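First chain written, first letter: the chains are A, B, C and D, and each begins at residue 1.
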Amino acid sequence: MRGYRWLTVPVVIAGVLLAAACGSSSKSTTPTQAPGGATAPAASSSPSAAAAPQCNKAPNQTEGVTATEISIGNTDAYSGPASAYAVIAKAEDAYFKWVNDQGGVNGRKIKFTSLDDSYSPPKTVEQTRALVEQDHVFADFNPLGTPPNTAIRQYLNDRGVPQIFVATGAATWALDHPKYPCTIGWQPNYQSEAIIYGKYLLANRPDAKVAVLFQNDDYGKDYLKGLKAGLGAKASQMIVKEESYETSEPDVSPHVTTLKNTGADVFIVVATPKFAAQAMKAAAQLDWKPLIIDNSVSVDLNTMKAAGAGADGVISAAYLKDPSDPAWASDATVVQYKDILAKYGSGADPNNVFNFYGFAVADTLVQAIKQAGQDLTREGLMKAADNMNYTSPYLLPGITIHTSDAQKDWAPIEEMQLEKYSVAKGSWERFGQVLEGAVR
Amino acid sequence: MLEIRDLVAAYGPVTALRGVNVRVPQGTTVTILGANGAGKSTILRAVSGLLKPTHGSIQLDGERIDRKSAASIVRRGISLVPEGRQLFTALTVEQNLRLGAFTRSDRRGVREDLLRVYDYFPRLRERMKQPAGSLSGGEQQMLAIGRALMAHPRLLLLDEPSTGLAPFLVRDIFQIVSTINREQGTTVLLVEQNATLSLSIADYGYVIETGRVVIEAPAHELRENEAVRKAYLGY
Amino acid sequence: MREFAQLLIAGLSTGAIYASLALALVLIYQSTEVVNFAQGEMAMFSTFIAWELIDKGMPFWAAFALTLALAFFGGVTIERVIIRPVEKASVLTIVIVTVGLLLIFNNLAGGIWGFQLKTFPSPFPSGTWQVSGVVISQQSVGVFGVALLVMALLAVFFRFTALGLAMRATAMNREPAELMGIHTTWMLALGWGLAAVVGATAGVLVAPIVFLDPNMMQGLLLFAFAGATLGGFESPGGAVLGGLLVGVAQAMIGNYVSFIGTDLSLTVAMAIIVLVLVFKPTGLFGQAAARRV
Amino acid sequence: MGGIWQRAHVPSLAWLGVALLLIIFPPWLAGGYRIFQFTFVVIYLIAILGLNIVTGYNGQFSLGHGAFFAVGAYVTGALMFHAGAPYWATIPLAGLTAGVVGFLFAIPALRLSGLYLALATLALAISVPQILKKWESVTGGVQGLVLTKPHSPIGALTSDQWLFYFTAVVALALYIAAWVVLRSSVGRAFVAIRDNEVAAEAAGIPIARFKTLAFGMSAFYAGVAGSLSAFVVAYVAPDSFDFLLSLNLVVGMVVGGTGTIVGPALGAVFIEFLPSYSQDVSRAAPGVVEGVVLVLFMYLMPTGVAGFVATAGRKALSLVRRRTADHAAAGPVTPTLADQEPRAGPGEGG
């Protein structure tokens, strides 16, 4: 045994070095920048108006639809580390119950079946197959998460089952829509939002030194990609430090210390609520006062309050109305949302933005079903989703859900408006024009 | 003082004692002899409450104790020096001894007993800050006995104290046991394979085989007994 | 140099968080020789109770005291009701039961309070001190101080009190402990109760920093494990030092060892632990005796 | 516990029959989605079988077998994705790679026992997904690798049915291999080390060699299971191999019955189906249901289902015997738990 002991050092060190080396070699393989600044992912074919995607593989186009009912499936993380998002599916359930009590959609009631996948791709495959093969759902609506959705995309497209308005902001749902015609996204993707920030910085702080804190996963990396696209040729000059954190870390303030030491004057926070609040708070505590840009994932008032003094003057971008914002207190849609949630939501917190998100996306589905008409088919539903021009009352004024425009880039929402937070007022204030951040 | 009647005990499906009767009068030293696996240790485990007998009774001064917990039996004045010592190896010598007095609240008495134990075993005083696990086998046995004495027992049970020790150490330890019996009037019940030594300090002896008492007699008679000599004394 | 000092402070603040939870792990191990996977979730649940009490208008310290009392009662009850029936079974079985407890507490908290982030009031001022350009947060100093205090109390308890010794003896070897007249079943329950109290203290301490949500302890617990392993499960002092070391190592490696980068700091922390274990299997401060589980 | 293998010739033949029935019929009775679940039961079974070798038979506590599972899955994923290798051809390499990783890991782990080994393996389980994320050029990073689902070479079978039979045959082969190894002198050495390392060393068993061998073999099984899962799901991503997977495998092993023949199968069924049934009971808090079921299981069957059945069987048997034979006759010495035996050796263990 003793003889083996010394072998340990080289084995462990070699393991770490190997991992690190492989990591650094991967940098050379990240997508190169195309002229014009946008990234050009190799896998996606360039979208064109001529090649309209068709989701028509399903042998039974009306499976899950009867004269009185439409069966809709969904997977979400009711257990496990991502369970904060389960609120979304519960809100959707509440919204559909309300729709049904109003008489349903085109005379049909919505039967909503939502299953737990704990954010684990193999579980998502299993549950999605249960939905399709056992519950015979008509469509899989708003399943949660990039890896889970990636795991089921091929399966659903092979079967011709719509994977509609997925709950993830990866760019692939829009870019690869022609290849996977039964799959379409909904919210502005992370890259779009970051492009908007990049454009804003170029216009207003062209000489800024930018430090970025990002979550080490697809979501964080997509933002980084978008930011570089938005900054264009100046990206490498302006970004002085990219620092990633793992969700398993309890406190990101050591990273903020590192970033502060670079002397940056713009701090971009690409983090989920808990870590974003910690980062903004840490910056204030370290007496570091850069312009902070906080991603739209973490802008609810809870998070901003948790950030304390660090939240003052923070800039972000929004596309949804914020139900906790007093400015919308008398908005008809927000008032109705609160009423419905109070009645059907079994105690759900109306200030939780996930609830509002759930309502907004469910409303879009109802709109698409209406648009698909009385003779509802799977192909018809996707055709409707591909040809939307819908001014959703849940979105900020000036932002629409549109897939019918000439560009045909298959991103239903790609505009946002910048907003600034004031600690004194305890709310966000929007400013400037609605900005567009299409990923091409 | 101690009266064991018709004791039957088992480990799961294995019956270890098949109706044993043993008496230990106040102030005496009684020894139980027998081969490995004959059931000697089982008697001590039953008396100290570690094993619940399936049949029979154990009485201490007329009170039945065979359904009582080990902890409450200690409080009634019976201390066991278990086979294999069973020390708390990560704790120091002194901590082990203090645990021995866990049930007592008379601080002065405890301090006196601690000094007395150190007098019996001067080696322990030298090593009182060391972890028990670092002691030699003989020192560990001393500590185990010392720990049991710290409870100030009226009846001291010793389970194979000679196991794994050099002969001169065994003699020392038996000497001390005999001293304790004499000086403090502590009654001793001793289980041993080393019959020569144990009979030399005992007043009365039992021989058990496969869970039954086969011979019982005063110690000096046993020493003369032909069968016992052949089987246990080796001459 | 200032950069280094600032990173050191950042690492120590994070390390203090690990240390306070590592103490709870050491406590339960010292008093029951069980590794309780639900330790973090129990602490989280206690912290939610404190939050609820404060939210209902109770003053901070009153809520804290009541929470500790409830935690103690809860810990004892869990041992008596849930752990007790399996205590004679193998260690694996007990581990699985604590995994079950982990699932129950996590999901129960989510069901009652939701998974959304909650802010938790801090008993310490939120200001900072500046020492020659290095910023030190008063909150971190407070966490640090309490962790040291708890450590000192535990060390005294386990080394010098009869009850503390009896608990350790029970954990090490039950049968002879019973022969000492110790009511071992109660010692185990007491161990769970005290560990729950230390856990609740840790939870209330760190919640203002990491914020309160049902998953707050999951990442934390791993690093607390690392800290306790590094310091050795035997000693409260080791747990604190181990926790601090893990925190500092994380901050330093991420910043200075550029080819590894921050995203592998976790892996490196784990590798360090494995290496330490190989050369000093009972941790840096553990005693020589090897243990069986 | 090790004795079961020796005493179990006749029962094991019966079990083989049951296994064959379970393999042949389900695909014809159930829909594709159920077959997918059954396939996963088989995959978990292989991984738990592997875990059982190192923990149940060799006494080394691992909380990190999800890591070896992941290594196997990624070897298969990378070979299929980058090199277009046929899925079946990747399995041996996936198993061997995981086995080598396990063997190398076991070298430092030799110095550790019990709790500390458990924590070291836990560290491994947490680190591996991080490394996978970092090594983007091969693993696809967090996005993972999308694979092509294998087609059935037999026209009469659907792809799902084919994959079920395929994994079942692999499982059967591995089961038999484990059975042979554990009955051989190697298996006896494993068990001897588990029961008493000091005594085993005194008996001339090279401890280091057998402990690393057990770890490597165990990791090989987990790697094969991971490999199968990669193409059955047709996707590999770091999120699939989080710490919960490792924990689930341990749960499966203990619930099924540590160190038993049928344990892994029962445990695999348990961990595959418990989550779905839990959410049927409570959509609001499925974890609470899961936790309660787990605790109750351990409460009612601390030695796992297999242990419980065996104990119950023995009790029934001895009851019958007691009625028919003389009450004094004692049954054979068959403790169900090694832990219930008096601790071996004085002192050292503390």
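As a convention for this text, a residue touches a chain if its C-beta (ideal position, glycine included) is under 8 Å from a C-beta of that chain, and two chains touch if they have at least 3 such contacts.
As the structure is a computational prediction, the values presented were derived from the model and not from experiment.
J.: So which chain is farthest from subunit B, going by the mean of the CA atoms in each chain?
T.: Result for the farthest chain: A.
J.: Looking at B-C and A-D, which pair shares more C-beta contacts?
T.: Pair with more contacting C-beta pairs, B-C versus A-D: A-D.
J.: If you average the CA atoms of subunit A and of subunit B, how far apart do the two points sit, in angstrom?
T.: Roughly 73 Å, centre to centre.
J.: How far is the middle of subunit B from the middle of subunit C, if each middle is the mean of its Cα atoms, in Å?
T.: 42
J.: CA centre of subunit A versus CA centre of subunit D: separation in Å?
T.: Here subunit A and subunit D have centroids separated by 37 Å.
J.: Would you mind pulling out the distance in Å between where the CA atoms of subunit B average out and where those of subunit D do?
T.: 47
J.: So which bits of subunit A are touching at least two other chains?
T.: 5, 8, 12, 15, 19-20, 23, 79, 81, 216, 246, 248, in rising order.
J.: Provide the list of subunit B residues touching at least two other chains, using ranges where the numbers run on.
T.: Residues 86-90, 133 of subunit B touch two or more partner chains.
J.: At which residue positions does subunit D touch at least two other chains?
T.: In subunit D, residues 108, 111, 126, 130-131, 133-134, 286-287, 290, 348-350 touch at least two other chains, as defined above.
J.: Would you mind writing out the residues of subunit C in touch with subunit D in their complex?
T.: Going by the criterion above, the answer is residues 29, 35, 82, 85-86, 88-93, 95-97, 99-108, 110-111, 172-173, 222, 225-226, 229, 233, 263-264, 266-267, 270-271, 273-275, 277-279, 281-282, 289-293.
J.: Considering only the defined contacts, which subunit D positions touch subunit C in the complex?
T.: Checking each residue of subunit D against subunit C gives 55, 61, 108, 111-116, 118-120, 122-124, 126-127, 130-131, 133-134, 247, 250-251, 253-255, 258, 284-288, 290-295, 298-299, 302-303, 337-340, 348-350.
J.: Which positions of subunit D touch subunit A when the two form their complex?
T.: Its residues touching subunit A are 31-33, 36-37, 40, 104, 107-108, 110-111, 126, 130-131, 133-138, 141-144, 146, 149, 207-208, 212, 229, 233-235, 237-240, 242, 244-245, 275-276, 279, 283, 286-287, 290.
J.: Touching residues of subunit C toward subunit B in the complex: what are they?
T.: Answer in residue numbers: 162, 165-166, 168-169, 172-173, 175-184, 234, 287-289.
J.: Enumerate the contact residues on subunit A facing subunit D in the complex.
T.: The touching residues are 1, 3-5, 7-8, 11-12, 15, 19-20, 22-23, 25-26, 29-30, 78-81, 114-116, 118-123, 125-127, 129-130, 132-134, 145-148, 150-151, 153-155, 170, 172, 216-218, 221, 246, 248.
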